[in-house]
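What follows is a single structure, and I will ask about it in a moment.
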């Protein structure tokens, strides 16, 4: 089974895993985050476009997983911080 | 505080084929969301080993190796026909046809209409992105009034080109007892997953034809950024195309 | 034979090789040359390697595609693989420094081609100038290696194409011109 | 389970369409997909009457595109399946046939030719030859058996399934309206009684096991991204086709040795040719007879051998030289003159051929 | 009324698809019917942008069957109409083409070939030759112009309308994905400026007057009851076709006189052939060049004259010998050896042909 | 007391072409009644010189020379497409497509559905005789449950072959504003004529697609005598297929 | 314009014209006549089958024209007798 | 040559030529002959002339249709026209007396055929027997003119085909047999 590289960012209630080999930088997640915490990262993704990370807004992640749900590429995984 | 990992598994449906990811759809394309919902439905029903998946020519062809399920690419518009053929030969398989609006409502509409009429026991999933994606954004039967595409450069004219096709409504008018018909949207992935699950369940029950249209996004041909992509889907498309269930089999397998 | 030049540009979808080819070929058509430009296209709109084939000559041009390129520009790992079969002893081979170690093993050896040039176009664009002019640097490099058209003609073409943008933001014009010249100098 | 539809040899006097239905049953075809068109309708009529008694299936589709594509679908599951059509239906069938060529799907299609172009007549012709052999956007990677009567229809319908499944190639049984509608005697038999073993069918999709766990999933596609990929694919298809083509080429010849003129005809026309040649021989004319049974692959080598040094080749067709094009393709380089006797859409009688040959030998 | 879309000569650097759209405008085509398929899409893209400005119409249909049949409908009213397609679309277009053949409906179809069989590639091939010339259940009563570049696309698109309407014959402009997508220079002109008079169109149905009172009604049918009737109809179609075929046959040749080898290629491949021959001539090789422009009718007589007494004919195709079949049909009886150089679905470069010819002349 | 005449004119619609009568339809075939109703509608609207009539392949092909109107025979299922092409090129003509249920609902259903969706300004008339008449009586999309045909020799099974296709209902679900959709029967020729007249009027007004299905008889393939012919039509068929109007344009040309 | 031969039978309120070159003997009219007055005639029609005539039932023709309306071949014409 | 017999029956749709041909050909197949029977068919189910082509031989049979008939039976005006091209000097030509004067002008002259026979089959059926056995009279006539099969075999075939009807109504059997014999006698 294939492995994927990920970058984990802790922010608020969630561990935000971003899989750079999966993220195409479409930005759909950014628009859907209820807390407006997702923004562009310095890291580039599979197509050379920037990937995303949390921590860009005024509020923190609440681990609602909306971003994970809407990402067409399964490039985000949220782990609730208990 | 960013930590790198090599061994964390992404939250992909179990039946997604990891080796072929990232998939080949464009950035922001809704196909990925539909196929995630479908993957989850397959996982939850535990039918991966029974599924025969079949993709139309259109952007869907990019899903040829998407699942760890046997998959057949067919011709543009012919997927429902191929799937009917598969199902008639092997009724114990779960046969899923996957197509775009051009494939389903234009060139393949005779197959869709007649699969519905014959109540073929297959599940047909149609991704409505209001244009012909694969060929570069021409007008589709689903293009909205006034919408500009490569072949309606001044906007779709209802007088000249008619109203957009409402597929599930048409299929519901055709399909017999036991059929399941719904329209979901990639803006509501969980609802979409539920619709797909019910559609597959109808097939498992052998109750009738099941059809789900998924309203989807096409930022490449719409030439939209993420914000406008969502806006077009949730405002303009959903206004024209009501999301919901159009035909649901009763407990006993009959359609209410 | 003739003065025919066969040029092949290859890169990732976002790197803009088609617009480089379109501007260059249109410009040299305008100077009275016989020009043929054909993009490589496939079923996928995104995600494939993008290749542009160009031919410039003073005589009528034959087949739109060719087997041996006089000038190859490869801008990504996958591009390096894709252009391999077009390399021949007369080829001038240009590649971006940004490619991986793996990809480097697929580059032609110095004695297999007429000339091989590494250019740090990617880096320059990202650090000195702007990502958006990456392809203008490449255009400059192509100009520097061929006499297909003079730099002024290209400037005029850019002027024409970006008229409104340049007007709104004259700094943009400068950046484009700088990128073009930078590109030329990289291959000199 | 149902017993064998035909246990012991049965001699009957029936229409060709009935023969095809029985042959498909005997060949253990499990399902027929089809759309009505004259003159193939009665294949479906008989099949629908017989099928339930022998545990077979039938699906009437919405058109011939669907009939062809459902057949592809059925075959992909490893089910012996077939369809039948004619005329404008054969035109539409080209689309699924190209998919079958590309993906090596062993569909069997029975074509009962009728007049063309367009709707034309529902009766008879040999005008679907080019289309059956080389129709669609490809290179004709199909097998085409041209039958001349009921025994052929029986034998080659059975054989078609085996050729298709053995070599993974779409296979056409080429009949016509005459054969479809006429009655003559035929012996039906259980293939096993003739030592014919039906090729095992294999599932292209839906084999046992969980894909990705117990086995790799199977992905069948027909689309390629680059020219280079496609060139390889088509060359592979060609190599594959070339690898079996000599093995399956079939033809029939008679009286060729000392003949001055060789009469060449296929299908039902070959019967008129043969009869004419026999009658001419009785009158002392040195005439020979050659009949390609496979039109694709074409028995060009065998024909070349048969015509070497002859005075003339008389090519007879109920078409405007569609088979002749295959002859000149394979015989190019020879200088034996070729004379065409072409009646597009119309039957040919032995009497007129006798006259024709006599006029050539004067 | 709109002014002429092109008043005076205009030199532009554009794609082939754009050229076709402009040519159809210049030819005064009134309506295009079409269904999207790569690589012909941009014909529709340009047409839909230009049409309203010049009082022309467009209908996007539900498939290629409909595109073909709506075009037939439009033409029947006496309207200059066309469609464009490729690959699997051309396969479906065979059905309306057979109706057009039978009823002599002068539709114009632009075919931008792509790889086959099946969906294959969207790029390029010369694999639609058999189908364009002889597809469907008939005898190929069509005219097919094979273009080699933008000037051809412009010239022959205009000419196609005139051939179609002058002789009441469906006419195909055969291009390919390369020509569709590449950019090169072309001179667009008003046909009148070249002395080209657009043939007058005549209404097959809907002429003035009350049918049955002022004039007879017109009945256009494609169905016949007996073989004998059909034979007459097809023979009439053949006689009609034969009556104009010499007149419209076109070809190009160069360096053939003293050549030892004649390189034959059509369409965009002919450019590689010509370039190769020119380069070989510079190196002193005695090589000639022949290019059929009409593939149907095929310039067989002219080719026969060009190759008489030569050492070899090198047939070059981006297909598996589809044109070669026409050559052997027309050249049968000659003994000049034919060598095939076939790259199905893939482009051919002049360099490889230079090598090939050199290896043959060693 | 029978008197013979040579010069009394039969009560035929004026636009019927006398030279080709008696027409070629079988004895008792309902096509004659439909075409009489159509002829009367054409007469009453005074449009004979504007009509372009187009017949499908099916029994309708026997109507190639039926009217003193220019007539085109098309291919099986393609008549709506040909007519759309005619109308787009000459919008001032009155274009009538005439077809059977096989042609309209099976092989040509993509054209019917999409003509409806585009609201093509033509009049499409479909004769429903519950089977494929021309080819000798095979099952059609309209064959009734349990009905025996040559390809449903043991009776149509709803489980296997689905419910009969309800065409006008489907067309009404697809067609846009201004369309006219109705189902008549040859058992009520006057009503049928009125429906046809309204359909043609919709075309004259340019309001939208007009579609009339006519329930009809086929004694040859049903193997019925006159009595059973009427009984099958009026009892069994009319029970499955409700006669009436499904979509009517408002005065201003809009559909209610 | 073409002429047709007809046979006129007076029966009750109607002159019943039957056009022998048009009648195919399908019998549809017989079934629909509200007065059951139509029956088979001795004369054969175009296909050699018997044609029809009124006067076969207990009641006479009332000239309702139903037969004329339903005849697919326009083989009947009813003229009201005033 | 061989003992091949080529028979052509032509009549109106309702006259039953196809069932005559079917019974005759099936019966002679059963006696061990090589038999070919092909109906003429077209787009119209009703309304066309119905033609049956039969060939009987002890050798293999060639083309299903033929140009020259040994026996022609024409039963209507239109049938007379339809069979014209199949007439040759060896033809035995039978026609029903019921045809029109017009049609008679299209009949072959006595010296153009081997034999020409008028039979009042129509009249006999309508007056002496019953319309329904018209075609059985024709069958008898064909039997009388060919030795294709014995009358007993045909009787057996009728017996087989109409088993139930004959049982229910034995008079029907008699009528059929009478018709058959009548037909034979008409051509003797």
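Chains here go by letter, A, B, C, D, E, F, G and H, matching the order in which they are written, and residues are numbered from 1 within each.
Following the convention adopted for this analysis, contacts are C-beta pairs under 8 Å (C-beta built on N, C-alpha and C of every residue); 3 or more make two chains touch, one makes a residue touch a chain.
Computed from a predicted structure; not experimentally measured.
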Those chains which touch chain B and also touch chain A: C
Chain pair, most C-beta pairs within the contact cut-off: D-E
Averaged-CA centre spacing for the pair chain H and chain G, given as whole angstrom: 35
Interchain centroid distance [CA atoms averaged], chain C/chain G, Å: 88
Distance from chain D to chain B - Cα centre to Cα centre, in angstrom: 39
For chain E, residues that touch 2 or more chains besides their own: 38, 62-63, 88, 95, 99, 118-119, 121, 123, 222-223, 225-226, 347
Residues within chain B bordering two or more other chains: 25-27, 57, 61, 73, 75, 106-107, 109-110, 113-114, 134, 136, 141, 161
Residues within chain C bordering two or more other chains: 42-44, 46-47
Residues of chain F touching chain E in the complex: 15, 17, 48-49, 52, 54, 57, 61, 64-65, 67-75, 78, 81-90, 93, 110-111, 113-114
Chain E residues touching chain H - in the complex, by the definition given at the top: 223, 225-226
Touching residues (chain side chain D, partner chain B) in the complex: 30-31, 33, 57, 59, 61-63, 65-66, 69-77, 79, 81, 95-96, 99, 204-207, 209-213, 217-223
Complex interface listing, chain C residues touching chain A: 12-15, 46-47
Complex interface listing, chain C residues touching chain D: 40, 42-44, 48
